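Structure record follows, encoded as structure tokens.
The first chain written gets the first letter, and so on, giving A, B, C and D; residue counts start at 1 in each chain.
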Amino acid sequence: MKKLINSADSVVTDALAGMAEAHPSLRVDVDNKIIYRRSAPVAGKVGLVSGGGSGHEPLHGGFVGHGMLDAACPGEIFTSPVPDQVIEATKGVDGGAGVLHIVKNYTGDVLNFEMAAELCAEEGIEVAVVLVNDDVAVKDSLYTAGRRGTGATVFVEKIAGALAETGAPLAEVVRVGTEVNARSRSFGVALSPGTVPAAGKPNFDLADDEIELGIGIHGEPGRTRAPAAPAREIARIAMDAVHADMPLTGDVLVMVNGMGGTPLIELYVVFAEVAAYVRDKGATLTRSLVGNYVTSLDMQGFSVTVCALTDELTRLWDAPVETPGLRWGR
Amino acid sequence: MKKLINSADSVVTDALAGMAEAHPSLRVDVDNKIIYRRSAPVAGKVGLVSGGGSGHEPLHGGFVGHGMLDAACPGEIFTSPVPDQVIEATKGVDGGAGVLHIVKNYTGDVLNFEMAAELCAEEGIEVAVVLVNDDVAVKDSLYTAGRRGTGATVFVEKIAGALAETGAPLAEVVRVGTEVNARSRSFGVALSPGTVPAAGKPNFDLADDEIELGIGIHGEPGRTRAPAAPAREIARIAMDAVHADMPLTGDVLVMVNGMGGTPLIELYVVFAEVAAYVRDKGATLTRSLVGNYVTSLDMQGFSVTVCALTDELTRLWDAPVETPGLRWGR
Amino acid sequence: MDVQFFTAWIEEIARAVADGRDHLTRLDAAIGDADHGSNLDRGFTAVLAALAATPPETPGAVLTLTGTTLIRKVGGASGPLYGTAFRRMGAALGQGDADVTLAGLAAALDEALAGVRKLGGATEGDKTMVDALGPATRALAEAADKGMDAEEALDAARDAAEEGARATIPLQARKGRASYLGERSVGHEDPGAASTALMFRALRAVAGR
Amino acid sequence: MDVQFFTAWIEEIARAVADGRDHLTRLDAAIGDADHGSNLDRGFTAVLAALAATPPETPGAVLTLTGTTLIRKVGGASGPLYGTAFRRMGAALGQGDADVTLAGLAAALDEALAGVRKLGGATEGDKTMVDALGPATRALAEAADKGMDAEEALDAARDAAEEGARATIPLQARKGRASYLGERSVGHEDPGAASTALMFRALRAVAGR
């Protein structure tokens, strides 16, 4: 394993120190591992807090700023944050209008955020949660921990963040966040595994002619292994999974997201295939993102996330945003 | 080799098709491999054209748009574009105020742009060139092709683009572009090689405990091989090379750029070290970029580029830009 | 079993987790995200520091501090779950500094089990730490009922935990990260069940001193 | 040497480039960017198509069309350089359809060499295609002077090109991408010199038919 790190133990805080240097619009509490927008708390505005394991950059810290999150709590690599972080962040962004926790549906994230929320509630802060669970590779049944939260997190953070910026009340922000999640689906594919620094070697092995379908973002193996194939076929497999779960129709927002080790040129190749697929089903691709947004360390591969837009969601998507990872309109 | 491509031969045009779908603000001529901003040509504005081999995305196509390039000509992977592309692009962006070619200093790029420029001049278009050669890993002597152009290309495109947007004449745009290049230095390090699709296997071998110092962006080996080391030491080697060539002083713009296969979290770790180095030398890091800007397919590693700012350069850096790869202020 | 005993237990767990860190992480790599070993190691390292900083004076306080520290330092699924388990045990043992009986320990473990089941929603057979914790708790209660001595009783608890952990191998996971794998989770030992067995081994080892 | 001869030469180069593509790319991987084989293959595939679409009627036209097509399709350093070489040869042979003599071919190659040297600024010893093209051009001129027959003369040219390419191995590059490597470029054959040798082998092969 070769990585640009000082040590496996310090990678998260070292990177936070780098974020602090690079982004004057953020206030980074390196010791407590919390990234705030400098203006937090904004009086009268619902505060948005998200968090989760590190290794998914720019998620979540890169989405802190105007029009998106007020704070992010990065855990250790692939490990959800601890309640203390979430409690501290929640207090730090509470402008009196309540705080929304945007939580990806993993047992660890759910439990740690729940514990934090309980304690914040006891201290009189109104906390609500939007649970993101968009990954169609996982069956949502009694026999699993439920669908994972992946790419739709970016959509929820952006759109709920835009609404919160207008001064909307917590219930409204929850409503729109929940709606974005309900209208979003994702599917991921890995060409090669990532390497957790503390583990020192790749999380699974893939032969030179194999890919993993239905991959998550924590280096966990996927649902099935398949032979390597042209981008067109891989994109079709991913989109078939999405379409089977939520038939494509109307205006859609599509993100083709890199897993961290895949170059942009390949993501554009995939995006061309995805766009053709969407058109073929009669839906209209009106908004898009192509790039690294929800990564999995240095894993090679991509995920595709589709959100069925409404006029309201489109308007909120287009609203100004100013974060390290997503920026337009200001 | 596993890649998200349909075939090694079609990767550049397939990716261009994806860019066309993703970015309505661009007009992509897939057949001729030219990316235009939709508004080109802008009457009375100096047109900016750049180009070079593909595999460095978002460079150059991702920097087409308001405040930066008017057109980009991507060649095959790591192969400079042909004169026909450059001629066509130059004609397509000529708004009557002349056209600037921003060319990275590689024999192939220089020759092909030169041929194109001659022909355009014959057809009555005023063409000037800014040659980018910022890579201190290469000795600039009679005994080499001269320094390579790498990260500073982004700075030149951004700053010259901002000046052109104000309606400045060609000579002024050339002056500022030349100045940015003269005030910029880069150094790159690879942890693992990239793989050219048509070649099918990595361009060089690196042992699990070795890194390449002074790497270029075309998968070419570096100047020397060194043992793997903590990020702090690697950053110091890179910054020492920069500082030895251009002592750090005053306000500096610093880019820590990923080579395509390195995750953002590691780039922030490096950035923290670079920022500490800059401070230690008494210079002031006033502007920065951390991310994938000038990549080398799926190579793992980074480059650092430093530009010694002036007030004018800072102002032009801050001016609005709206491209797929760089966006602020609108 | 006094405050020294419980302190020694936690210290023994910390040692065993440090030794078994890579093994636990490898188990987690197979069906999870390759961090269970480092998660617990980070947690118990912090627990050792906390115990050293303000040595608790009662058995209950040892376990409560352990649980609280795990919740504050581990994260992931195992942090809240093990944290809750130890906090529940601590609460069950109460504030007294009297020696804890086998029956008292069994009752405390039962509380821990209930806490983990409630928080995580898992039942036995879901391929989680509950598959080791459940049988071990029952074995200890039975042994206490039968009037076995501490070493015998903790032998039985450890054996049941180990057997429970082994028995997760053929199961398909229905909770936690491994459940995403569906059928591909079959054939691997659950890392949390393995770490639970490790804790019962540590308990037995300390009792034998 | 008539228009058929020159057409056959270019076709033979195209075949040899397709066969040698991976070899040339491997040479370029060692001290460059691993694209010389695919660059030339793309170029000569386009040249074949161009020759087939509008078969030129004079030797000069064959070479001019070849050069123009290379410039339009190859890119990189080798595109303009080889393109210029063939265009210069074509111009030197002029518009006539008379058979080209050995002396005429030698004079055209000399033009090609001058064009490459001027455009790229390389001299012999810089570890470029010039290191094969220079000696081969001189060898052909000498052979023509001596009144050798075509096969003998082209033997000499080919041998000189091959020898020139081999002789690049110990050199340190001073031009092109390989120069970035400094001393590390020593010990590898220059890909452009190797492809130039290939073109002289093709020339000799066609003459022997």
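To be clear about the criterion, a residue touches a chain if its C-beta (ideal position, glycine included) is under 8 Å from a C-beta of that chain, and two chains touch if they have at least 3 such contacts.
Note that the structure is a prediction, hence the values are computed from the model and not measured.
Using the contact threshold fixed earlier, the set of chains in contact with both chain A and chain C is empty.
Averaging C-alpha coordinates per chain places the centre of chain A 54 Å away from that of chain D. Note on chain placement: the centre of chain A and the centre of chain B lie 29 Å apart, centres being C-alpha means.
Distance between chain centres (mean CA atoms), chain B to chain D: 32 Å.
Multi-chain contact residues of chain B, defined as those touching 2 or more other chains: none present. Shared interface positions of chain C, i.e. residues touching 2 or more other chains, are not present.
Viewed as a network of touching protein chains, the structure reduces to a simple linear path.
A complete list of chain pairs in contact reads A-B, A-C, B-D. If you check the complex, the residues on chain C that touch chain A are 25, 29-35, 38-39, 42, 71-81, 119-120, 172, 174-177, 179-182, 184. Note for the complex: chain B touches chain A at residues 1-7, 11-12, 14-22, 54-55, 57-58, 62, 191-192, 194, 208-209, 211, 228, 230-232, 234, 260-272, 275, 285, 288, 290, 292, 295, 297-298, 300-302, 322, 324, 327-330. Partner chain D is touched in their complex by these residues of chain B: 53, 75-84, 106-108, 111-112, 115, 137-139, 142-145, 148, 196, 198-199, 203-204, 216, 218-221, 223-224.
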